[in-house]
Amino acid sequence: MQAGQIWVLVDARRDGLTRSTEKLLQAAGSLAGVKDMRLTGLLMSQDEKLIESVSKYVDHLLWARHPDLTTYEATRWLHAIKQLFQSRGRPEIVLSSAHSIGLELMPRLAAGLQGAYAGSVVSMGWKGEALLFKRPIFGGRAYEELEVVRPPVVLTVRNALVSGGKPRSAVVAEIDEAPVDIPDGLGLEIVSREQTSRGKLELLEAERVVAGGRGMGAEENFKLIEDLAACLGAGVGASRAVVDAGWRSYDEQIGKSGKTISPALYVACGISGAIHHVLGMNTSKIIVAINKDPEAPIFKNADYGLVGDVSKIVPAITEALAKCLQKE
Amino acid sequence: MTLHCVVCIKQVPDHEAVVRVESEQNLFIEDRYICSFYDEIAIEAALRIKKDHPDTRITAISAGGRRAVEALRRAVAMGIDEVFHVGDESIESAGSMAIARVLAAKIGPMKPDLVMCGKQAGDDDMGAVGPMLAELLGMVHANAVLSLELNPQNQSFELDRKTEGEIWRLRGSLPLLIGVEKGLAEPHVPVVTRVMKAMKAKIENEPVSKLGIGDHDIESGLQRVRYLQPPVRGEVRMLQAEFPENVEELVRCLQDNGVLS
Amino acid sequence: MDFKFTEEQEFFRATVKDAVNRLIKPKIQSIDETDDFPMDLWKEFASLGYLGLRHPEIYGGMEADVMTSMIFYEELARGSCGFAMAVTMQILMGTYFIGRFGSEEIKQRVLVPAIRGEKIGTICFTEDQSGSDLGGTRTTAVEKDGGYLINGRKNWITNGPICDFCTVMATVDPAKGMDGLSFFLVEKGTEGFSNGQVIHKLGSHGSVTGELIFDNVWVPKENLLGEGPGNGIKYSMDILNEVRVMTALNACAIADAAMNDARDYALKREAFGKTISKYQLIRSKFADHWAWYEAARLMAYRAAWMIQEAIACQHECMLAKMLATEMCQSAVDQACRIYGGNSFAMEYAPQRYFRDARFLLFGGGCHEVLQNTLGAAFLRKGSAER
């Protein structure tokens, strides 16, 4: 008798799995473990090199086969997945990372399944027979916990945290090649794919910002900030002190009398953390502070702090990041 | 070829409005509402299309109670003359699928060429209605759209959509539904003549029953158990290791937090 | 008694607020620091149509009613006080008599471009020796050659240094005092009409204020605005009510902005181990302010309603202005005290609110003059419920 199924859409845009996919598969595994559900990894990429890395996390590797599936396109993938629901049974739970593919495809998939959908889930667990999960609302000003009262449910997951999970017993995954039909001309044509240019990012819109203050020492040292920002795809910010000193321009100023921003990552280099600056960035998701003074007030408003010389630390971060981002 | 473009909009709390978890069942939301950020971009984008193709018919639609009317007034102020208000307050808490069904019931018969939705709404941040609507209407769709070129003559389009670190250019045939991204258009400040017009606009309501939507259509498969406080920024974690280990540790922490991409 | 704004009014308010936040707020600091008239912002605002707020549609205006206009004046002042002064001068005082009394030719020549923002206007009451004391006006307008010859100097004229036209209050006969006053239109380029000194003001930066000199300025008969001569005071009363309520709402907006800014600060600033928002003496400042602010704002909107309903309300408008401007002085003072030493730094906002608020005590009638007038009125008739 087959217990319910959990399917995880495997992000297959690069060689090997992304860290977020690995974490999602592990989380799905521990969810499945509690209820003895079968964990299926849904692989849409046609690259067989991925089979090995996916199969160590799943009970069942469902490999959709068709040359037109290689590059993601919503209509074609959905068409294929619906065929797989028909032939392999409909899962109770479908999971995907909350990345651009998941956010575009998964709600539509849910509608097609006549199931429920929730996005940007940050943790999951079980409450009796019902799946329970948490997600941010109102831009993160509050969180809600929802339970699935009528499966199936489709979730895009931002943080793959599971509470009360049980590690699944390791089995040899069943490799299930499933050819699908894709009519010619279905969906959109992919004309081109371009890397986003690393031009000067508008501060108010940047997901990541690296900012420098007087602690950078001299105007020339802002090159280190710019290098780190380029590596991160981040905007460049400045404290009032360095703008007044003429090192940087006013449109980079962050603070009550400059711009108020709320990026996912804010790196404050050589910034003391005076209140007017803090008020301009303290709703950032993650704040990293680097300062040679361990008593600098900035550390009170940061998640991670490093005490030391910015001219040594900042380029080292850039180098370490470059290495790690290459791998992703 | 005249295009018909439908814009779906929603009124949501201002991003600076106070939202506070009072108890597990109660959320306090300050009464400061605006048309959702991405929805305004969609409105502006539609108006641009009309500028390029003056025959274009633009319609704005919002599902909900009096808040939906506020959003539609904003649409009028920005320049859209044809607006539809469907449903009532109860639809606001019925979930994305319910809203998508109601909108599909109204929009479907119009057979529009283009439907524009915001990428996600500033309240539930769910981002589901757009793709769901595309499925219900049987249209191709693309999310996070940064640019859109239409060719009404041969009913085709080309668009750019944003993914992690890349921009993809896609091509296809209308009809199309898109989820708009920051950058597709820059909402203009409404001119006072339109503001006055919006102030005086009589916006009629259509209940969902008239659209053939029954109670079972708007039942959600999800139920809220409770509200929770957002995590407070904890104590700073000073990375005390010697250089360069502290830097390596930092990079690992940032990866784990998912802020590097 | 319905104390609510209508849905339409709330919508209008939200729209103006949005325009102020997007267009004016980013420039507040630089306007204050450079003290230059922000011509680019002026043109942007004009292109949105707001300068025609009170005027008929046939001239490009909006025909907004009194309540709607008040909402506009309040929201505008939340942005830049100086810019608000320049705009309200244009919308209300500077073009009022032209709209009300000007000939069709004058309206086409002056009002229509003013509503488009192409011509800047102003009104001239104040002179070196007379502010609140309108009877002390010494600028004369003597009948001559089928028109009037105007002589005198006006001071403290908002938009004066950059105006394309002005409505001058002059007396046809100094001996008649208040009964000799009339309003005349004078346009730039008229011989004898020139700019005098510019006043460098403590606050309200961004608006330019200065002297206007009338040296044998001849204007044709149709430039006498209204029936007259001699009806100047009567007409002044008509406009002063609205000006005073507008000033009251400007004061409310500035007070509100200052104390909300102070609130942000109080929630973050720490002393002796906790945020200062936790201390009773700081809390009492917000409590007291809140009560007086609500009271002043209610009075202002009640007076606006009376104007709209054409109910005689000269005293109500004076009371509203008196209370609100005094409340504002207290609010900006307290906001500075909450900031402590930091309020003394130009880089923070409280010093700007503090400087801007000062003029509210004088515009639309000096505080002490109002107190004298109102005190006398109270002694004469007592309160309504007596």
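So that you can tell them apart, the chains are marked A, B and C in the order they are listed, and the count of residues begins at 1 in each.
One rule holds in what follows: a residue touches a chain if its C-beta (ideal position, glycine included) is under 8 Å from a C-beta of that chain, and two chains touch if they have at least 3 such contacts.
The structure displayed is predicted, hence computed values, not measured ones.
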Core chain by centroid distance, with centroids computed from Cα atoms only: B
Which of the two pairs, A-C or B-C, is linked by more C-beta contacts? B-C
Compute the centre of every chain as the mean of its C-alpha atoms, then state which one is farthest from the centre of subunit B. C
So, in whole Å, the Cα centroid of subunit A is separated from that of subunit B by 21
Centre to centre, by mean C-alpha position, how many angstrom separate subunit A and subunit C? 52
Subunit B and subunit C: spacing of chain centres that average the CA atoms, whole Å: 40
Which residues of subunit C are in contact with two or more other chains? none
Touching residues on subunit C, where the partner in the complex is subunit A: 29, 264-265, 268-269, 347-349
Touching residues (chain side subunit A, partner subunit B) in the complex: 19-20, 73-75, 78, 99-101, 103-108, 110-112, 115-120, 127, 132, 134-153, 158-159, 187-196, 205, 207-208, 232-233, 264-265, 285-289, 294, 299-308, 312-313, 316-317, 320-321, 324-325, 328
Of all residues in subunit C, which touch subunit B in the complex? 7-9, 11-12, 14-15, 18-19, 22-23, 47-50, 52-53, 62, 64
Residues of subunit B touching subunit A in their complex? 13, 15, 19-21, 27, 29, 95-97, 100, 120, 122-132, 134-136, 140-144, 158, 161-172, 179, 182-183, 219-230, 233-234, 236-239, 243-244, 246-248, 250-251, 253-255, 257-261
Mind listing the subunit A positions that touch subunit C in their complex? 240, 256-257, 275-276, 278-279
